[in-house]
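Got some structures for you, see below.
Across the two complexes that follow, chain A remains constant while its partner is chain B and subsequently chain C.
What follows is the complex of A and B.
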């Protein structure tokens, strides 16, 4: 047990000191930002209404609805003003994004969908 | 990984199988697929070539290859599809299809290789 506690990896900022043991490839992935900086996956699927190919976005790179919508609109070659962001929450309901505080949104969002403003 | 073989489809071609655990990055995968299907160089620069690599995951969603961290992709990929610029256009025409349903219009979708239950994108 003690030998695990003494293992420290350079650059770990979140206080993890080597227990439980993490596969080294996963550690490397996290250091490169692949895990989004946390242990929970922050990559969610995003679809554009009418587009057959979905994308994925790392929510950890955003801190507000504005930056998120801006990035998503760009991803699909649309203007912010032309789209609305909706999301599916943990309960499976589809909701318009923006009503709840950002942190709450990030906790509950399962997938995203951009729809066109009619 | 128990069974790391994944199927790759390209319309007009017979499907191929590759061992996904042999690769460590998207770049390696793109290069190998380009060679496998005789379209070297076209998959590494989709912006320029118009060719896209997509994959279907275990939730039956069609996703652009490359957004996920590599390991997450490896864990979720079910099969891969290579799309020519024409194929990509067809997928974009899904919009026409969904609005044109009542008019009886049928849009030819080249989805050979994708299972019949391929997901609907309407919610």
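What follows is the complex of A and C.
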């Protein structure tokens, strides 16, 4: 009898088929990176030049530099025209955001800093 | 002694009976009423396409204008029903084309619809008006092109979460220039781009258009144009809600929304750029339905929208709304009837958002008209469930999915039996229940004892023994649909309650302990049931009688054995002619 009990089929998502009960149209949304690419949210620290208290932002909810800068500027009560976004990469260097493709940026960013345009 | 009304009078009286149940009851009064009723029934609903066959249907009802059919069992939505199982609508369409040339409406759910079916529909019914396909598959954009090209009087083309083979987006351009009767178009499930100019022209020449749900590919910058052409819209679904942040795009969008004085339903919102959300503020207070379940936007932005939706009745969101957002719902949406919260990251164990049971409790406290809940979360407690049941005894549909199977009460580590027990005891009008978390046979005892109006029950990873199943089958008087997966229920309860199954539409059991032998016995004992064993293993005939089957789907039927089964489906206990086999 016991040998016949191994009929629980395993699904791709690290568990059981059809669980949790979410339709495929919704699952593809998550896997397409719309909900964080099927992995944990990517929260990074962000500081405003001259501001002692840092904030945190979930990078997975953004798809472009444009929307990120806009959101960050709003967060610190600044106009996005008056700020520049810089970031510290995995190697510890500080760079100006916008030179590399978005995906590459998200993979390499460790912290963010908004700097006033002079 | 016969006192009878003239036929015309009876027919006129019956025309006031709209519910199929009422018509069925009237048909049973006497032969005259049966005959009269069947000649004037215009709308047919078949909840299980294998419960009856097309010939039987058309023989009884010769004057049908609208048909609704459902095919695969509900768990097909979660990939539990193997490909090719069935639910083919073709034989029905062929019969309808032959006998109902004046058919106007077809509604299908979880059925396999081919391009050939759509072509027949487009040509056989001259006054065809309404095509609604929910969770259907098997057709391509060629089929849609045929419908567009040939259905001169089409009013509704509604594709709800269908799987369409998309060969091109060109199908939409097949609506002729003379076609002006469109009232409702829903293409949200399609992924290929359709010609925007064809869409714009279609919208412009459809003065009765009330519902327009676009797909993701329609860019945000172009939506204003469409809305300007159709300010009478009541139901609108955007495409991708993202664009470069430009003030001119923003202001025309906001102006376009402002012009939609009749807009009550809003959906779409893929890829939301939060800066554009305030463009919908002008219509928020009009909305009764808001679906933000594709909006991967954080709680503060969602709150800004929802806090203006004072007249909302149905809300669908992702768990990004968090408890804080649900507090806003509780305070703002005093007319809320239905709340749906989907998980943003269902396959990750750790919580990625601050959504807990508290959000649901909050809404249950603040929204006195709340009737229907579908809630995905990662933790639940008995005390929360008890609060919810006491706050909202008027609940009719309660579906709770705790993401981790068999998760106990996170505060006490006990099973959630008492919590769900409280739900069925206090919510006396409950017709639909889905449970999750750690549950023993006790919860089924409560359900059997209290859930007298329960129509549909969904169970997963629950119970200890056959007693659990027995409580439900013997106690739930109104039960019509029962679906069970991964529960230790076996043969005893099933065989002991065999006759109960004749009062139900269907029973699904997968990854349980129902044996091959019991399925055979049940099929033999009950000619009014089809006992389908769905099992994809090879050499099934070598299985010992007491081996559990992978899946069994049992449903009552008057049409006997179906003839379109794939090789992994066996109808037990009946020989090829549908006569039950005593061997």
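To be clear about the criterion, the second predicted complex is superposed on the first by the 77 of 118 C-alpha atoms of A that agree within 3 Å, B and C clash if a C-alpha of one lies under 4 Å from a C-alpha of the other, contacts with A are read in each partner's own complex, and residues count from 1 in each chain.
Operating definition for what follows: a contact is a pair of C-beta atoms (placed from the backbone, for glycine too) under 8 Å apart; a residue touches a chain by one contact, two chains touch by 3 or more.
What you are looking at is a predicted structure, and each value in this text was computed from that prediction instead of being measured.
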Which of chain B and chain C A:67 touches, first, second, both or neither: second
Partner chain(s) touched by A:104 [first = chain B, second = chain C, both, neither]: neither
Contacts of A:53 with chain B and chain C, given as first, second, both or neither: first
Most chain A residues touched (candidates chain B, chain C): C
Contact residues of chain A, present in both the chain B and the chain C interface: 25-26, 29, 34-35, 41
For the chain A and chain C complex, residues of the former touching the latter: 1, 4-5, 7-8, 11, 13-27, 29-30, 34-36, 38-41, 58, 60-61, 63, 66-67, 70-71
Residues of chain B that touch chain A when the two form their complex: 52, 54, 61-64, 67-72, 88, 91-92, 94-95, 98, 121, 123
In the complex, chain C residues that touch chain A: 75, 77-80, 135, 161, 189, 242, 244-245, 270-271, 273-275, 293-294, 296-298, 318, 342-348, 350, 352, 376, 401, 403, 405, 434, 458, 460, 485-486, 511, 537, 543-544, 546-548, 550
Interfacial residue positions of chain A with respect to chain B in the complex: 25-26, 29, 32, 34-35, 41, 43, 45, 47, 49-57, 86, 88, 94, 113
